[in-house]
Structure formats: structure tokens, C-alpha cells
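Please read through the structure below; I'll follow up with questions.
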Amino acid sequence: MFRKVLVANRGEIAVRIVRAVRESGVASVAVYSEADRASLAVLMADEAAYLGPAPASESYLCIDKIVDAAQRHGAEAIHPGYGFLSENSEFAEACEAAGIVFIGPPAAAIRQMGSKTAARKLAIAAGAPVVPGTESAIDNLTNAKETARRLGYPVLLKASAGGGGKGMRRVDREADLEAAIRDASSEALRAFQNGEVYLEKLVLEPRHIEIQILGDRDGHMIHLGERECSIQRRHQKVIEECPSPVMSEHPELRQRMGEAALRIARAANYYNAGTLEFLVDRDRTFYFLEMNTRLQVEHPVTELVTGLDLVQWQLRIAAGEGLTIRQEDVRWSGAAVECRIYAEDPDRQFLPSPGQITRLTEPAGPGVRLDSGVYEGWTVPLDYDPLLAKLAVWAPSRATAIARMKRALADYTIAGIRTNCAFFAEIMDDAEFRAGRLSTAFLDEFFARRKVHEPALETEAVAALAAALAQRKPTAAPSTAPTSQWLQTGRETLLR
Amino acid sequence: MFRKVLVANRGEIAVRIVRAVRESGVASVAVYSEADRASLAVLMADEAAYLGPAPASESYLCIDKIVDAAQRHGAEAIHPGYGFLSENSEFAEACEAAGIVFIGPPAAAIRQMGSKTAARKLAIAAGAPVVPGTESAIDNLTNAKETARRLGYPVLLKASAGGGGKGMRRVDREADLEAAIRDASSEALRAFQNGEVYLEKLVLEPRHIEIQILGDRDGHMIHLGERECSIQRRHQKVIEECPSPVMSEHPELRQRMGEAALRIARAANYYNAGTLEFLVDRDRTFYFLEMNTRLQVEHPVTELVTGLDLVQWQLRIAAGEGLTIRQEDVRWSGAAVECRIYAEDPDRQFLPSPGQITRLTEPAGPGVRLDSGVYEGWTVPLDYDPLLAKLAVWAPSRATAIARMKRALADYTIAGIRTNCAFFAEIMDDAEFRAGRLSTAFLDEFFARRKVHEPALETEAVAALAAALAQRKPTAAPSTAPTSQWLQTGRETLLR
Amino acid sequence: MAANRSGDTVAVKYEILIDGKAAALSVAVERFEYRREGCTAIERDYSAAPAGDGTWSILIDGRSYAVAILGAGEVSVNGRLFHVDVFDPRELRGRRSAADHDGPQAVTAPMPGRVIRVLAEPGQEVAAGEGLIVVEAMKMQNEMKSPRAGRVAAVRTAAGATVSAGDVLLVIE
Amino acid sequence: MAANRSGDTVAVKYEILIDGKAAALSVAVERFEYRREGCTAIERDYSAAPAGDGTWSILIDGRSYAVAILGAGEVSVNGRLFHVDVFDPRELRGRRSAADHDGPQAVTAPMPGRVIRVLAEPGQEVAAGEGLIVVEAMKMQNEMKSPRAGRVAAVRTAAGATVSAGDVLLVIE
């Protein structure tokens, strides 16, 4: 095992990895931008290295600064987390060139899977089904229009270098195609320094289900089953679970998708942890979408049902140890659900809500796992993704897991900024969600059918009473100046 | 299932039960004394009932007040938790008499096991080995001296109604017997309103291992394996784990003790959850000690390795549901360790440290379970047991669990009062503990061999620097007036 | 108890705007009255105990409410959110009229962030819903659209500028 | 940074009592010197960033220290506890002499709690280690023993009394 590992990331995932490194008896080095000087990861790590100003382009995306930090601190390996440089093959190569182990797959596999079009070709060659679409990036509008007509609207624009829904646009009519290509391409350029976009047939109301795989450098590879990630907003997952409700009804689907995933990963000579994303339509036909050549945000739900620690396995595999788990050893027990806690306002089109956390009370107790990157007094920077924490629960059954999640959400208090906790509590009560009838259209449909239940008048009165009491106790609440501003802005927004 | 359940307890266990009740879709009623008006359990429960002044004798020990509260609030059942009235057969009878379900075993079993001497007789009849000692309570000094001589010193004085080490004394010489009986008896009287004490041979350096059992009202009963609880101070468990290191080496012992436990419990016509405590000597000979006819403080370690929720099963069984788990269904996976976080000062003979918690940062993340009864700003009353929270961890192996516990302890910050967190961190590093060489003498031996490792001078300097910086920021630390007083007292104590 | 500590013995009256609905609250020592438009008023005895900074345990007839003041007018009661503003009458009237005047109208930043693009110039005629300014925060872009048809009277920001929630970015007349 | 904010540009000197050992600390802007009895002094550049109330992140040459002020002179550094008192020189001298005088000596409560029994009377001769008073808190009894042989000069409490840590319960002379 390594003696020292540098964690090239920030926020909750940096904390999660620092913890795994510590639990493996290895020293950890956190990195930080100006905005993250006192981040939780910096507090928890054994060492910390300054990268640069707040913008990621000057800190967390700087290959040279990170490799230099690893060398200065004598780190033998670098864990990239997710996002930032995690799927950047130049970074993986730069690490190896500097004699530092990149904790992830080989650079070649990252590059191949990093191009969605190349990944599609590989999957087709490996005999895995893919969504109909172009094999290559859009070069000019005429060809694009032609392809779109061939596939038939609606179509989906996606960034070749993409991920996390950035550079992605649904296009319903040819008239919108040009503008959509412009926006998607410029967004992709900003996000991935690569403006290439391509076209895909839009599969209607599919489930988004992904397969976790894990392999060692000697070619032994297994799958750890699926994660249902259909509940998304702006192509960003917000709720994930394992098992997928559809797998509970049709267990053979897990095996079939698991085998398809392994075929594709083997074709790429893959090792370490990776995830293959699929769309599953109403007939349970599945299409390979893309491969994420890194740890996923939602990996905890897999850890909760399998009892395996993916990050600790990533470390062991990168250190050259063999994967000692055989496919038949993998057991899926109970049900896990995860909610992504974002600094955003679900009542106002999920607008980001950075700022200082003035008070924090976190959920705990039986079956609750919280992976958080914040603390009371921390100021959530506006420079990065709004993910504050991942709240995951495990229970013997999905129904109990949902009840437990509801309980945990009610125990979660984050003051000073807006979060989506109360929004998740509503979803936990939604009949469609409880029935496991999920698709990527879930949230749109939810908002359509959503009716805010009139609270008991006494409950409402208590809210008013507390607000009045708080006014008498200046210490209790922040100045109400921002209040009026926010609410006014809110009302205007709603008028639009 | 019930519609509403009253939780007749306080602190972390009241919170844990309220959570289980909520997750079962049942309404909860918390109870509170004057000292607990704003307790975490009151905050979390759907309803709350006032019992009386702070002293337990005027609140949590008042059968009539609690039964009355349950009736006023329309609760169909009462969960007693542990301690207080949990092993009081009159309470169980009073509930049934009032038409309220007592969530626990039948009153007869409580009464029978409540008298240690009766329990011994039952165990002997059931063919389970017991520690040599008297069958009956001490009536006069002469007989006591005679018995002690027969058993041979050292002997152990124990309260017939006892539990948690109250009214317990080790006696090494006849000269000390009289004083020991007086102290033990008066302590027992205060704790249990019953001054009866009896004599037992002291088994030297035994392991304290207990077996968890669970049975329904139709006579189906299973055991959920053991908990190793050897690490105790003042006969109070402080660290518990499952599996016991001795079981890992000798798996057949779990089965043998499990069967003995079931024999005894069946002989008492027991149902619901219960625990049978045994002493295990160096040759792995085990002796039945006593039965706790209630939920144990340390139940989480069993839940973590078996995946079963004991409190939710207690509710179902009390509601008349059958126990659907067969003995062969029970699986023990991985390793769990629990530390009892007390408001006490381990550097000063574990003196209690009540007071206000000025800041609280709780551990979380993979494999960490925290059952806590406190929050930031809460004032820990001096009227009750000093247990603040139970920190439990699960991991695939005992070694990883220990590393994880160390990590979690480092992430735990409780300001304003003293706790034993740093003390536990030391034990996690202890070679004997890591080797699993445990006995009830563990802590005494630990203190004997304990050497405080000189910190790096830079680390010490950082402590001084921070204290100096804090002085410039009055907000950061409480006034230093108490400081000097504490430290002075501390020095005097150490001079004694 | 909170009411006690604040030391007043007669009822204090507040005008409340709760999730957009107007209400009147009158708080005396451990007793309050609440009348909300369209509902019959309720009167209750209550006990309020502080439970950490910005948090209270409120008991009404044995029912337990855990209340947290989240700031920015947000109040959580047993995990349910309410947007509450507490005013004195004059302030409230002032607010309400502000909503429905139709002179020049400000387009304000809905969130803290950075201005990515300004899509309109002073003097330009814009249609209702036409894009005016793109603000980015936390990797999310948000296009400010014109609240109504009109003319751009002034642009108060520029590409690259950092803005706070509520800042006026542009004025339509 | 904390040093910066406190606004002083010259070094500030402190006398420290840390886990019973005396030390001298001199703090300048982002640089400190620490000399503890029996060790060679160390001098370091540091960065201190506040990380929530009473908590700091302190970086020294890339090494990260999470520091929490726990109150009552207790400081936690990466989970390790230190008992630290910060004095000015005069106060410190006063303290030290206090330890080893042999006039009347106070027996103080080691913890907040209630007095269960008083075992000695004024005027009574007591031996070193003889039990004087029993205090109970959180279900635990603690017997205060005589620090030395002597005579009970005064009893300052009674059975049933509630006491705070450090209260003088009894005086031996």
C-alpha cells in the first residue's frame, strides 16, 4: 500500500476519500484553492497544498500545479475523485510521467471512453446495444439537420467530452437546432475545453440505470450491480438507489446488464472502478449510453447494499493488489437510497444558493450515512458545483429505506442558505416514487402533478409565532434585510 | 401495528426509539422532566408529556405519571428503553392493567430475572453453568463471612435488584466485608429502592460476553449472537463489539453459548428482546451471570453485523406479529465496535462533567453510526447518567473497524464539557486491544501500562498558539475563570 | 418562556406574510392568537423553549413542534418550510403596492453569481420574455428574461461582473 | 491570518502552562516562536484560518492541524487533547507559589454535584487520605479525602447542598 496519497478534489468527495485513505493507514494530502483554505478536507487531511485562486481553471483543473504539489509533499499516488480532472487522460499520463500512480483506469481507457463517439463504436464492437445516433461529432449544420431528420425529433445534443449534463440539449424541432448547437457547444467548451457535440435519438421516458464495475490490473473484473438514477433535473441526478425497482421485479435484468457492462469494460482493457450508464425503456430494452471512468457521486448506495468499500478497493487496486472478490461472492442485501443535498432553491427553479451556513444539524442514527463536505460556519463558495452532502440510508426493504430517508431529512437542518431537503421529503411521500415508477421524466411529471398540501393552521401559526419570537432575539436569525430582497426577487421571478 | 407509542425514557435511547417508531409509521410521545424540557427526544417526537421535577424519583421513575401520560395522549403501547423502569415488573403490570401494551417481556419473566438469585436457580434448573455463590440475599454478617470464606476471597458483592454495576463491590479480605456490604447495600437502595445484596465467587480476568435473544409471543425464539463487553470501568461497559475476538477464533463457542442462552430464556417463558450475560474464563468455560430483560445500551453492534433492527422488531413483536426470522437465516457479517461517549473526565478518575455543550461536530461517513441524545447548545443535566451518545462503526474486518473508529473519534468535537473521546482514541491504538486480548481487568491493566506518548513539539506549540489566538477572540472560548479553577482542582486531585 | 423572557405582559401584535398569504398574530405570555385571511382565527396556549441557536421546541397542548429559523425569512416546522415575513402595518402596505406598479421595472439578479453575457443594449426595444442577461453561479447559467415588453432604460452591469442576489442588473421602461 | 486580523505587527509574548509544563510563546504576524522548558525552541511560519466558532485550520509548512478550543483550558489538536493556560508573568508566579504552601488547605468539589454525606466535623483531627465528604453527580459518588493530616478548620457545606466544580467544601489546617 502507498505511504502517502494526494486527493486532487474538493468538497464532500475529497472528505470521503481522505477518510478512506486514513482508514487504510495512509497519509493524506488535500489540495485547496483560495476559496477552500479552511475546507473540511483541509481540516481532516494530514497535509494540505495550495493550488491557486478560486476559479477551477486556476486551481483544481491545473495539471501542473497538482502534480507539483504531489511531488513537493512526496505523495506516491493521486486520487482524482469525480469531476475536475478525473476523466482527463492527459492528467493520468502526467501523473505516470512524474512517477506518481494515478488512482483510476489506464489513460488509454479514459481517452477512449472520454470520446462518447469512440465509446459507442467500442460498445457496438463488443456487442452491446447503443442508442441510435451519429458516430462522429457535428461538423456543419446541414449534416446535423440531415442526421436529426433521419433519427426523427426529438433528438438529444451531447458533448463528446461531456458528463453531468453539461453541453446537453433536447431539440424538438429543426428550427431550434442551430441555437441549441451553439449553446451546447459553448457550454461544452467552458466545461471541458472541448466544444464538440453530437446527436442522439432521444429515448422517451427511459430509466437511467448504471452498472458499477471493479477490476484489478491482472484482468480480474466483476460487476457490483446497478444503481437506478432516473430522477434527474437538468440532466443532473438527484436521487439514486440500489436495487433498482425494475431489477427487484426482474432480477435477470441485473445479470444481463452486468454482463454487457463487463463486455464493454473488458474491450477497453479497463481496470480499477468504473460505471457504465444505460437507458432502459419501458420494455426493459437497455441501451449503452456512456462509461464514466471514475468513482461516481452515487457510489455509496452500492457500498451500502454490497458492504464493499469502493474507494478502499480503488486504493488497493492502484497499489497493485489483486481483487480478491469473485463475482459469486457479491451479495446485494436490503435497499439503499441517496439524496444529493444541494445549495439551491427548489421553489425557484433550483437556483444556486451559495453563502455561509449559520447553523448545521446533521441526521444520524440507525441506517443513516452522511457524506458531507461542509460544517457550521463554512461559506459555500459560488465558484463550484452546489453539492453540499450526500444523504444515504440503508434498510432491509425499500419501503423502510424511504421512511428512514424521510426521518433523516426531517432531522437535517441547514441554516443560512437554501437547500433541497424539504423538496426531497415531498418526493419521499410521492405515490409514483413509492411505487418505484421512475423515468428520467419523473421530476417534470412530479412538478406537473405536485400539489402543495395545505398545512394544518396550527403548524402555520407556529411558523409565524417562531418568526415573531426570533425577531425579539436578534441572535437567532440573520438580519432581515436580505430577507425582503430575496422574497421580492422571488416574487418577481415568479411573475415572469 | 400500534397507532401511537409512548417512549418512557430520556437521552440517546429515547431518541433512538422515537426514530424507530417514526420509521414504523407510528406516532411517538416523548416524556420529559424539568431538566429535559428541550431534549432532543422532545424535539423529534410528535407529542411530549411533562412528568415532573428533574430527579428521576419524581419523573422517570414515577409509574403513575407515565401511565397517566400514555392515557392522556392515547398511546397504545409504552417502550421503556433501558434503565429507569425498564426492568420493573410492577411497571409492566401497571401498563397491562391500564390496557396499555408494555413493549418488552411478560412481567413474570421480568420479576423472575430481576432477582439475580431466582435467575441463578432458573439457570441451574435449565442446565446452564453459573458462577459459584449464594442462592439468597445476605441477611447477617456472620453468614456472609462464612459464605465468603467458603467461596474464597476475592468475592463479589452484588445487588439482587441490580444492574449497571450499581451496588457492586469487590472484597479482597474479610476485614473489608462489613463496610463493603454497607456501601453496596445503601447504593443499591438508592438505585433500585431495594438494598438486598448477595455474594458471588469472583472469576479472575474473565471476558464479559453476552448473547442477544429475540422471541415472539408464539414461542419462536432465536439468538443473534454475542457482544463482547469486557472493557468496563466501575462495572460500566465502555466499549462493546461483535463478533467477540474469542468467537472469531472459536466459532463453536457462539453456538454453544447461544443455545445455553435460549435454554434459560425458554425456561422463563420469555418473549421480545433480551440479553443473557455470561463470564467466559481463559479456558473458554462460560458462566451465566444474569439476564437483562430489556434492550441493551450496546444493541447497535448486533444490528450492524446482522442487519436486523432490534427496536423495530420489539415493536412488531409487542404488536403481536410473528418473528419471521429463523435461526438459520441469521448471518453475522463484518465487525462492529461501539464506544460509549460519556460526559466525564478520564484524566481525573472519570469524574462526571455535566454542563452546556458550546459546540458540537459529529462524526459521519462510511460505516459510522452515531446514536446521540444531545445537540449544540444543550445543557447536559447533572441529574442523570453521563451517557451522551454511542459511537458505533462497522467494517468488513475488526482491524478496519478499529481504524474507522479512530477516524470517527478524531472527527468528533464536543466543546464545553469533558468527554472520553480522546481516551477511546488511545485505546484504539493499544496493542492488547488490537490483538483482541480482552478481560474485565482490561482497563486497570491499560492504566498500569499506559504511557502518554510525548507529542511532537510542533503539535504542542500549535495547541499553545491556538489558545493564545483564542484569547484574542473572546467569542471563541468560554471565560477562562473556570479554567484556572478546574486546573487547580485537577492538580490538587492529582496530588492526593 | 421566550415570551416571558422578552418581559412583556400585554399582547404584542404582528402582521405576517406567510407563503404569500397575509395573517395577523397577537402574542401574549405563553398564549397567542392567529388569524389568517380565509380561516377562522385560532387561539392557543403554548410553551416555547430555546433548543440551540435559532431553534425552539414549541409545545401546544402536548403536540411537539421543532422549529428552526433558517434565515432569509425561511422557517422550518417539523421539517416543513414556510416563508415568513414579519412586518409592522405601514411597511406591509408599502411592500404590497410596490408589486403592481407599471413604471420602469428593475431586472434583478436572482442569485449571487457572475454576469456571463449582456444580450441587450440601452435604448433597445425588447419583447416580454426576451433574454436580457446571462448570470452564472455554481456552474449553472440563468438567463434573465424581460418581465414585459418595453425599452431598455439602463444596463447597470457588464460581462464579468460579480453580483449579489437582488442587485439591479437592468431597467425596463 | 488571525494574527493579521488582530492587527498587531510586532510579536506578542505569552507565558504558557501546557499539561503542567511551562513554556514561552511569542506570536508575530504568521510567525511564532515556542520555547518549552527542556526543549530547544522552535520557530515557524504559520497560517491560521477560522473554521467555525472556536475552530481553526493551522497550516505549518504544508502540515495541517485542525484545532478546536474546547473550553476550560482544553485544546484539541488533530484529536489530541492539551490542557493549556495562558498567563501574564505575574499571574503565573502567583499560581506556582500557591501549589506548595502548607497553611490551611481547601478541599474543593472536583465536579458539579450534590453533597450526599459530610463525614467530618469542625475541630476533628483527620489523617491524610481520610474520607471527609461524599459528593454525587450523574449517579456517581465521589469521596473527597483529606490532602494531609491535620484538623478540620471549617466545613463550608452540608448534606443535600448543590455544589459547583471548585467550590470550597471544607478547610484543613
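Note that the chains take the letters A, B, C and D in the order they are written out, and that residue 1 is the start of every chain.
Basically, a contact is a pair of C-beta atoms (placed from the backbone, for glycine too) under 8 Å apart; a residue touches a chain by one contact, two chains touch by 3 or more.
Bear in mind that the values here come from a model prediction, so they are computed numbers and not experimental data.
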### Message
For the interfaces B-D and B-C, which has the higher count of C-beta pairs in contact?
### Response
B-D
### Query
If every chain is reduced to the average of its C-alpha atoms, which one ends up farthest from subunit B?
C
### Message
As a quick test, compute the distance in whole Å between the mean CA positions of subunit A and subunit C.
### Response
31
### Cα-centroid distance, subunit C relative to subunit D, in whole angstrom
48
### Two or more partner chains touched - positions in subunit D
52-53, 55, 63
### Query
In subunit B, what residues contact two or more other chains?
44, 359, 361, 375-376
### Query
Which of the chains are touching one another, listed as pairs?
A-B, A-C, A-D, B-C, B-D
## Note on the structure
Residue positions on subunit A within touch of subunit B in the complex are 15-16, 19-20, 22-25, 44, 300, 303, 307-309, 312, 333-334, 359, 361-362, 364-372, 375-376, 395-396, 400, 403-404, 407, 411
#### Entry: subunit B - residues contacting subunit D, complex
166, 187, 191, 234, 343-344, 348-355, 358-359, 361, 382-386, 409-410, 413-416, 418, 421-422, 425, 455, 457-473, 475-478, 480, 482-493, 495-496
## Note on the structure
Within the complex, subunit B is touched by subunit D residues 2-3, 6, 12, 14, 16-18, 20, 23, 25, 27, 32, 34, 36, 39, 42, 44, 46, 48, 52-56, 58, 60, 63, 65, 67-86, 95, 98-99, 108-114, 129, 137-142, 145, 147, 165-166
#### Entry: Parts of subunit B lying in touch with subunit C, wherever the complex brings them together
29-30, 37-38, 42-49, 72-73, 375-378
### Message
Applying the document's contact rule, which stretches of subunit C touch subunit B when the two form their complex?
### Response
47, 49-53, 55, 57, 59, 62-64, 66
